[in-house]
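As structure tokens, here come the structures.
You will see two complexes here that share chain A, one where it goes with chain B and one where it goes with chain C.
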Partner chain A sequence: MQTFRMNASFLPAFMEALKRWGTLVAPVERGAGTYVLQAIDDVSLARPDALRTILPFKKLLLKPRFAMLERRDGGRTEEVFDNDMGPIVYFGAHACDIHALEILDLIYMTDYVDPYYRRNRERLTVVGYGCMPDEYCFCESLGTETVERGFDVFLTPLGDRFLVTVCSARGDDIVRANPELFEPASRADTRDYLKRLQEREQSFSLAMDVTDLPYVLELKREDPVWDEVGKKCLCCGSCSMVCPTCACFNVVDERPELGRAVRARTWDACLYRDYATVAGGHNFRADRADRVRNRYYHKQEAFVREFGKPSCVGCGRCIENCPTGINVVEVFKYVRGEL
Partner chain B sequence: MSVVIPKPFVPRGGPRELATGPNPYLPAPARIMRAADLVPDVRLFELRFTDSTLADSFTFRPGQFVELSVEGVGEGPFSLPSSPTRRGVFQLGIRRAGKLTDFLFNYLSEGDEVGIRGPLGNGFPVERLEGSDLMLVAGGLGMVPLRGLLQYVVDLRERFGRVMLLYGSRNPDAVLFREELESLARRGDVELHLSVDATQGKPWSGRVGVVTELLDEVVCDVPSTYAVACGPPVFYKFMLEKLVAMGFGRDRIFLSLERRMECGIGKCGHCAVGYTFTCLHGPVFSYWDAMNLPELIYT
Partner chain C sequence: MAKSKPKVGIFGLTGCAGDQLQILNCEDQLIPLARQMDIVDWVMASSRNDHTCRLDIAFVEGVVATERDLESLKEIRARTKTLVALGTCAVWGGLPAMHNEIPREVLQREVYHSSPLHFLDTVEALPPTHFVPFEITLPGCPIERHEFLRVAHALLAGAMPEFHMLPVCWECKAKENLCRVVYFQEVCAGAMTRGGCGARCPSHAVACAGCRGPLEEPNYDANITMFADRGISWVEIARKMSQFSAPVWIKQGLEKEVRHERRR
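The block that comes next holds the complex of A and B.
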């Protein structure tokens, strides 16, 4: 890891320079206070300090819907590259996003590697940007409030300058190709950086106790809390769609025109009624309460057992977007008997 | 007889590839060599990969499954009722239950091509079963994967002790592989115990009643026997505890489970139960492992 300083006024020039590594994608303000990740040419549109885009970066790796395979009558089934995004520079990733990226990699880049994910992932450049939490952020509780790996370059704003952290050979390329933008970081820069970290730690207002959570959940499987959350939940799947680590998908076969068959893949959510329905009609999770419980258990128990950490990064999107106000932090407090 | 079957794997190892190709979502074409109804609405398809290298090298563990697809119609998981001891072709026992299987039954016949991905899942722990007596317990369509194991055991008969097959069906017309099973019984390879829920006026010499009652018919040396059970959810509900009551250790009972295996490679999430992906860590579990995953059996 290397550190540099960049003058704040160089930010537009830096973003222009990033375009050499791919399509620049950054948070852009769509309506008052709502942000979306989109490809930009005009760098002045970027709002890297925006905390949460409506949809997270996962859409840059796996489109909400894309064709995987295609077959023309009389021909063979072939891979299609509908999901290919080309090289992308994701500008404005926060620490939680970068942790989420690592979780998606655990799912898609291990064992049977997913070729559709891999093609975009290997060409993704990640440029992080330091943030300040709001009332929905609880990344600190999950240990995802800082990152040491998983990005190429990370900018931490320090008033009139940035502390620039380089964490990959590609990040190193970016710095070396633009020497006029960077200078060595000074003691004052690192001092101010640490001061900022302290300020940031103190500004979290939401916290979730994850101590022994997998074991607590194991004991609380039959707790009535799940029926109560199940009564409140509409099973609309919003929380899964906006979740940076929810990556379930459905496969559908279609004949868009005569003589052509397509196998497409769409985002799916375990909260949807037919998620666990098998041929013949048996639904292994017919009750809403079962589906809600499954989602929380998958995040905080199952994923921990399989991969050693929870698949929640505390970004707060599910809290902000739930139409009935279900708050994951309160759910777990309730499970522990604290509410 | 020497048989090459894939080693049991550690889930989430790798990187690894399916026998059917480096893109795990891309099926390899296979031709239907034979298709014959076992009973009404359950058809046995015999398939061979059109790529002859793949056809000759394709092997699997009894209890594994494949995804069969017809592009433009759909894809679904099917267990293999054949054994890797018989190379070049493999079989699928398919019940008509939805859009894809309707298409298979109505429009596809010998000579047509389908797509196959696999083999998928863990399969039965055949190395562990060797040297022991086996009690195979099937309910309904659960006979399909067990027939693969049975064929394997029969082909390597000297490696196994007593083989008991307890198999319950709805009625005499629904018994799968009946002639074959009876012939194996006559040869002395298998001790066969059949039951039906009701005779519906058909001739029947076996037991009439629920399949669990068959356990009362057999006398076996429980400590040297492994039980392998396969059937619908309601079957497990009564069968497993009865086996435990007979003295079987929960780690000496294996079962094969059905879930919605869509991708087959632990990605899509549909078959996940707790930290287990049925398609990847299963579909075969010991009863002990399955009962510690609360949703796995009794849902």
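The block that comes next holds the complex of A and C.
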């Protein structure tokens, strides 16, 4: 890992330079205080200090809905490349996003490599951007508040300059191709960087105790808390749609017009009733309470068993977006009997 | 394979005919579609109809609001193999069922300012799905053309249409709209409502009115509590939520409807 310094006024030039590596995608403002990731040409539209975008970066790897195969009557089934997004430079990734990306890689590229995911993943350039937590962030509790790998370049704002961390060959190329923007980092830069980290550590207001959580959950499977949450949950699936690590999908065959059939893939979630409907119409998670519980157990118990860490990165999106105010941190406090 | 074209009927009970109009609105897709089927009974679009032959597929729009509606419905059912409920009226009761609690005589008096008219033999408005089984239900006020075409094309191919049953919120989030509940404290029926409209209303900054009817098992209580907790008055909640006859779903016993729904 190498570190450099970049003058803050060079940011637009840096973003312009990034376009050589692909379509520049950055957070832009959608409504007051809400942001979405969007391809931009005009770099002044970027809001890298935006904490969350409504949908996370996963939409840059798998569209919420895309066509996989197509067939015309009398013809052969053809692969369509509806999900191929070409090379993308994802600008403005925070530490939790980069951890979430690593989790998606585990899901989609460990045993069975998902070709749709991989095609976009291999062409994704990740440019990180340092953040300051708000009242929904609890990444610190999950150890995802800092990153040491998984990005190409990472910018940490230090007032009039950035500390620039480079972590990949592509990141190195980016710096080498733009020598006029970077200088070696000085001792003062490192000092200010550490100061900022400390400041950041102290700004977390939300925390979740994850000690032995998988064991606690093992014992609390039948706890009435799940019925309580089930009574409150609308199963709207918003928490899952906005979650950077929720990765389930469905595949449907459709005939949008005469003589043409399409096989499409869409994001899905265990919160939806249809999700657990199997042949014959049986549903093994027909109760809302079972479905909500499944989401929490998958994040904090099943995933830990399989991959050795939880699949929640503490980004706070589900808390911010739940219309009925179900809050993952409170749910686990409740489970532990702390509320 | 020389297969005869399926015989098709399209019928309207009491309703606005908006769903039938949506079929006509399929314009460029309509002619090729009509070539693949034999539309033998469609009063709205044809002056030559066969009212008695057996039908492979029938689409029924509107509610049962008169005794005659019920008779027609039973006749249609008896002569049809695959029956499709078209529009929210046919599936759930829709707007005509919104005020079933008001006696019909009172409605007649208020609307026509006269003593009861005998030619208006109206009864409580109920969806056709309440009276006879349907193979497929396609809600919408009016229906979405692309969904109608999916049903028609699937049936023509000898398959049942497949719908991924998701709430309006799915499409709303996929479009990254600002949530009407979270950001604007409005009564939005999106979480309870069967998607397919592309979250049309929230995408135009208007809360979902629930025009497509419930998904499968709306968490009615949780929805009400959620709005009340946000400081919205009960009057407002009731007014908004009963627009597309939420109380009818409850009164009729949702379980029964859900079973129809699942049978599709």
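In the analysis below, the second predicted complex is superposed on the first by the 339 of 339 C-alpha atoms of A that agree within 3 Å, B and C clash if a C-alpha of one lies under 4 Å from a C-alpha of the other, contacts with A are read in each partner's own complex, and residues count from 1 in each chain.
Keep in mind that, in the parts below, a residue touches a chain if its C-beta (ideal position, glycine included) is under 8 Å from a C-beta of that chain, and two chains touch if they have at least 3 such contacts.
Here the structure is a predicted model, which means the values were calculated and not measured.
Enquirer: Name the contact category of A:323: first (chain B only), second (chain C only), both, or neither.
Expert: Once the two structures are laid over each other on A, A:323 reaches chain C alone.
Enquirer: On the A-aligned overlay, A:285 touches which partner chain: chain B = first, chain C = second, or both, or neither?
Expert: In the superposition, A:285 touches chain B alone.
Enquirer: Just checking: does A:254 make contact with chain B only, chain C only, both, or neither of them? Give me first, second, both or neither.
Expert: both
Enquirer: Thinking of the overlay built on chain A, is A:31 touched by chain B (first), by chain C (second), by both, or by neither?
Expert: It touches chain C, and chain B stays clear.
Enquirer: Can A:80 be said to touch chain B (first), chain C (second), both, or neither?
Expert: Neither chain B nor chain C is touched by A:80.
Enquirer: Residue by residue on chain A, keep only those touching chain B in one complex and chain C in the other, then list them.
Expert: On chain A, the residues that contact chain B in one structure and chain C in the other are 250, 253-255, 268, 277.
Enquirer: For a test of understanding, state which residues of chain B touch chain A in their complex under the given definition.
Expert: 11-18, 22-27, 29, 69-76, 95, 97-98, 100-101, 115, 233, 258-260, 262-263, 265-276, 280, 294-295, 299
Enquirer: Which residues, counting only chain C, touch chain A once they are in their complex?
Expert: Answer in residue numbers: 29, 32-33, 36, 146, 149-150, 153-154, 156-157, 162, 164-167, 169-170, 173-174, 176, 178-179, 181-183, 188, 190-192, 215-219, 221-223, 225-226, 229, 262-263.
Enquirer: Which residues of chain A touch chain C once you look at their complex with the stated criterion?
Expert: 30-31, 34, 36, 53-55, 64-65, 231-238, 241-242, 250, 252-258, 266-268, 272-274, 277, 281, 288, 320-325
Enquirer: Show which residues of chain A lie in contact with chain B when the two form their complex.
Expert: Going through chain A, the ones touching chain B are 68-69, 71, 76-79, 107-108, 110-116, 221, 247-251, 253-255, 261-263, 268, 270, 275-280, 282, 284-285, 290, 294, 297-298, 301-306.
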